[in-house]
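Common to both upcoming complexes is subunit A, partnered first by subunit B, then by subunit C.
Moving on to the complex of A and B:
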């Protein structure tokens, strides 16, 4: 039998045929390769969270190879002399071992911690982007809810991870967590006893937190992140308004090659940034805190930043204890309100917001075009209110540090927080609504009269007036015809229209070179409401 | 031509379908036809450069190549540093102190520059593109909704639960216990009765004579040595633990206590306040008083003692307790005073606890009387 000569050029085609014979991949793959994504920098915030999560998984697996989730008491005999001979849990000893005696262990630990902080930060900023642009509206309410749950899971992932090293700080955090469980009416003591396996701290909690931290919570996160991305993929991403863009299309780039390549580059840049932070900025130096002892705590005991708002709320809560004089008497401790009710409300209210807004506006249509924050002043005001509340609570979570550094009375800081928590959010609502209305007004003025040129003209009758550059056609008298607002950026400066020379940028650039009007396929300049006819009629 | 969007398949791009087997077609023509079949119109697709091999393009290609190479260099530096850099922690300043920063800089820059190189490739070299894809966000057709709905109702109908009420009851009665059975091991295994036993966890500390064979428990330091009255100077305070095995460990996390030696005038005020209180009556010994160190708010050690004002401050949430008035909370979120440990001195001259704390120690909870 004659052996057929192998034609190398045909190999990829043959493999392709073989795969398609078996999996019928060609048709769906074509759709995948062609899928169009709208592009804007603000759509990349969620990606940072995704990429941080990948870094968390990678570095976390490394850490599990060395960590011993046991509360067995051991005497430390490692190279860190300050703690040599100290009794401590095996969990803490193995964390020290990981930091001092594993090559690159400290680097990986810090990478894990920084990635976690970045994960939570990018989730919050991504949520803010989605909120302020109205991207949560129908049909995306479910994905918004999943996002809120992801934040909640991230919160618990962070807290359990923070507790694992069993150092002085994390033990204090655990103690407060047990107190929060105890504060729940009726079931408090039973809940705490169930979680800790008896009296606090017991000998089980690190092992239980460990399995929650490395299996249960990451499993939930993975499943929900997959659902989150799957829904984005199915529903297609929202887009900003602009020429050609309608509620029924997606204008952007096909996924391959350019869009996917950009994502890959962005992942590497995020990964690199985390690695730089992990190497250069110390985080959670557990060896300084010593092993956890119930009798010891240092001042300036702050949790990670995303827990600080809760700590702040707990600090600001007045000592209002509710006594229920039935039988021997029952108590609802003041801790219950900020830590259990407050935390619950902070997670349920955002989940309910999409339906609340839809009901109020009687808006049950699907929206795929984003709104600028100024075009929904009330929503922006509510967001500013929530953000202010969060900020006052977070700052109050460090009020002892602020009091110490700025020589302010601690009690004054607490009172300022209490008053600020009530007064500042409504103020933020009012101010941001007024700013939104002002910005809207200015947009309309520019569309009606043109851009302010800064050129002042004196009329024969002695009157001074500013010359305006119309953005569109003018009538017979030279007055601009009013333009409709298209929901997108209105150019407000002459150099946005390509008129003026740029400021001197640097030695190597010619001063005279005129700036180009910003043109990019993702953000085309606005030229009135774009219609499909205009774009395609020229071909 | 005018085009209505969201219209039927095939016409929305405004181009006629082409035969992809036509040998005259370029590869891009085939790609464009593929996009058309996915209801995508490639509106613009243009190179960023004038013609092939323009000077600008060459410059950018050189820069990107440089980025890749430098990224590789840093990666190499990372591996070399990982292997040869002295990394063990030593006493005093040493090269080992810089191991982690060196790893961070080399790996970080390597990854970051690689990212920049890829981004530059995508943004500077690849053609700019604007494509429009139909969103296909119409709901399913009315027919399909009807069919699916009817199918589901049909499935329920076929089971006949509606017509067979006996089954309905039997399912509820049969499955509910099974559901409980599934949850029972998990919940049952975790449940611990917090109020059971001779030493109920909420009302018992290491100072209870029960855990010391009925003998009064000494106040000891962290190392287990007992405390004499002379050991605490006037105005001073120390943390004491129950003098039982493991008394100073986290096994007895509720037991740490603050023993304060008050100045005479403060002691007088403290005593008169304590004597006026039913629970704390007679709890002091001379000018000494002992309070639980575990904050009644969230359980942190309330350990910052302000000698001048006789306040105890909890560093976690800034609750403040007034020692001279039965450790009553005077600021912050704590609503309950710190329990007092009744003191005595035994025949050998060491402090002992006359009994356990007379109030529940630690964070507040629902069923505290």
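Moving on to the complex of A and C:
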């Protein structure tokens, strides 16, 4: 019998056929791999959040192998001499063990923390992209709401994680959380007692936050992220307007191979950036904060940046306490307004924004084409207003550090924050609406008259006139026919039209040498004869 | 008169038993007793209290005389003649001790540039010898706390407890204002707690002992000299020497605020450029 020769080239095809024979995967897989995604750099911002979440899961699993979520008192006897012999909770001792004794432990902890900051930062940036381009409009309102809830879950994931090491900073944060719970009228006391298992801090909170941080909240995040991506998949990604792009199609790249390769590369970029930051920048040096003692609160005890806006609102709130003389008397402390009402409003309003806008504009159509921010000036203005409010609140959350490092009085910072919180958002609204209208007008002007060429022509009667290059056909007199605005970038420079050499490309060095500008034959050469006689008086 | 009261009646009964002295004698006797009491009180006071002009005839040492000359040139405007202070300008320096002078002058805080919330640290106006002379003058003028001679830090090899004890005391007493990493922090109305990354052991000791500017005094009853040395050991070994693990940059030790800045300035910026680059490849 003749031995059959193995044909290596046929192996993948054979395996694929075998799989398809058994699972009938070819048809759905073909649809999946051929799915088209529109390509634009701003569509990659949400991916930063997705990829940093993957890093969070991986590094977090590593940390759980060494962390002991217990508030049992132990005396530290590890290698960090500055704390040796100090009484502390087992949670803090195991965090120190993780940082100083576990190989690569500190790096993993720092990676986890930086990934958390990046996760929240990219959520905010991605949210801004979706908001300013109108990507939240019908049919994507539900996905926008899921996104806001994802931010809220990330907020709580971050806060519970911040509390776990049980160092001085964790305890101070928990103390504030307990105060916020206590500030809620009527139920506050019971709520705080239920969460902490009695009086703050109790002996349960680390264990409870641990299970919330490693199971409940990540579970919720995972489920909502899956829903978020599934909805994007089903509803298809929005795209910018452009040639061949309509409200009913998607123009872009197939998922396989190009899009998948780009995403894989970008995942590596995110992973690398987080690892780079974890290796270069120290984050949360828990050993300096020491074990939590109620009497010790360091200055510059701040929450992580995404909670700082709430801290800022609390700092800016005047001390207005409301006493209600019913029964033994109830008190609504000033803390209640920024921390409970404010936080609630700041999460509810964005969730409702899509329906508010649709209602106001009476716009109930489906939109798959994005809008440039300038084309929706009011939305852009509202976004700028919200962003300014958030910035003032966040900066006020760090106002003591800013006051100290920039030599400003802390009282002045507080008052600047109070006034700024009220005055700056409307100002930001006005300025951004005006900028949007100006940009719109300039687009229309170029469409009507053409691109500025930079050539000034002098007419026989002595009049000077700027020459415009029309973007479309002209009428019998040479005047451009007005063009419609297509919702996308209007070319405003001659080199965009191909009339001049392309602009120099490249980040640090030009990718290609710029072509020399064409010289009109009517212009005499600039360089004269090589030698010139010296002009003298003749003597 | 209180003759109706039972007490008064009893008194009368008591005096009536003896033969009553004449009115004149009673008066003279009272005057003599009064004089004797006054003389006794005055005598005791003169014997124990320092004389009103004691410092005039006390001889200042040479160093103190040099210091007095410097004082009369540079400090007298605000702190007044014989360092008695000037209302509304500068406090009296009687009893502040050389520790205070050496801290305030040695770190350049005194002489002050202008009257403001807090004297800024700057390049010292006086050199080390002049500072010592000024300190000597104030010390001889009114006494007060002095910075002890010898090492102000402890050797952690021989005394391993010192570092962790110092850390505990630092977090309890210092970190509220100076921050967990000793980077300094803001107080109200333009006042501040300065960074602890630069001062020497003597300056930290002097500050604890004398409570300059807005700092409370940590006298030897609050923190014993040994505890002060523990704190200085912690500050100099843990916060000043950059032996802190966790990467090349500690972002100033200001806590989460600079970390939040870094994630946007470094992380988000890098990744937005990466996104631009990747999306541009088509």
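As a working rule, the second predicted complex is superposed on the first by the 478 of 539 C-alpha atoms of A that agree within 3 Å, B and C clash if a C-alpha of one lies under 4 Å from a C-alpha of the other, contacts with A are read in each partner's own complex, and residues count from 1 in each chain.
Definition applied: contacts are C-beta pairs under 8 Å (C-beta built on N, C-alpha and C of every residue); 3 or more make two chains touch, one makes a residue touch a chain.
Only a predicted model underlies this, so the values are computations on that prediction, with no experimental measurement involved.
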item: First, second, both or neither for A:39, with subunit B first and subunit C second; value: second
item: Contacts of A:50 with subunit B and subunit C, given as first, second, both or neither; value: neither
item: Touching partner for A:175 - first (subunit B), second (subunit C), both, neither; value: first
item: First, second, both or neither for A:104, with subunit B first and subunit C second; value: first
item: Contacts of A:200 with subunit B and subunit C, given as first, second, both or neither; value: first
item: Of subunit B and subunit C, the chain that contacts the larger number of subunit A residues; value: B
item: Which superposed partner A:305 touches (first subunit B, second subunit C, both, neither); value: second
item: Which of subunit B and subunit C A:91 touches, first, second, both or neither; value: neither
item: Contacts of A:273 with subunit B and subunit C, given as first, second, both or neither; value: both
item: Which superposed partner A:283 touches (first subunit B, second subunit C, both, neither); value: second
item: Those residues of subunit A which subunit B touches in one complex and subunit C touches in the other; value: 81, 100, 106, 110, 253, 262, 265-266, 269-270, 273-274, 276-280, 293, 295-301, 399-400, 410-411
item: In the complex with subunit A, residue positions of subunit B that touch it; value: 1-3, 5-6, 14, 34-35, 37-38, 40, 42-44, 82, 87-91, 99-105, 107-123, 126-135, 137, 190-195, 201-202, 222, 239, 241, 248-250, 252-256, 293-294, 297-301, 303-304, 313, 315-319, 329, 331-336, 362-369
item: Touch list for subunit A against partner subunit B, complex; value: 30-31, 34-36, 73, 79-81, 87, 100-101, 103-104, 106-107, 110, 139, 171-172, 175-176, 178-180, 182-190, 192-195, 197-201, 235-236, 244, 246-254, 257-259, 261-262, 264-280, 292-301, 311, 314-321, 328-335, 366, 368, 399-400, 410-411, 414, 520-521, 532-533, 535-537, 539
item: Residues of subunit A touching subunit C in the complex; value: 39-45, 48, 81-86, 99-100, 106, 110, 114, 117-118, 121-122, 125, 168-169, 253, 262, 265-266, 269-270, 273-274, 276-285, 288-290, 293, 295-306, 308, 394, 397-405, 408-412
item: Touching residues (chain side subunit C, partner subunit A) in the complex; value: 117, 156, 160-161, 163-164, 166-168, 171-172, 175-181, 183-190, 192-193, 234, 237-239, 244-251, 253-264, 266-268, 270-272, 274-276, 278-282
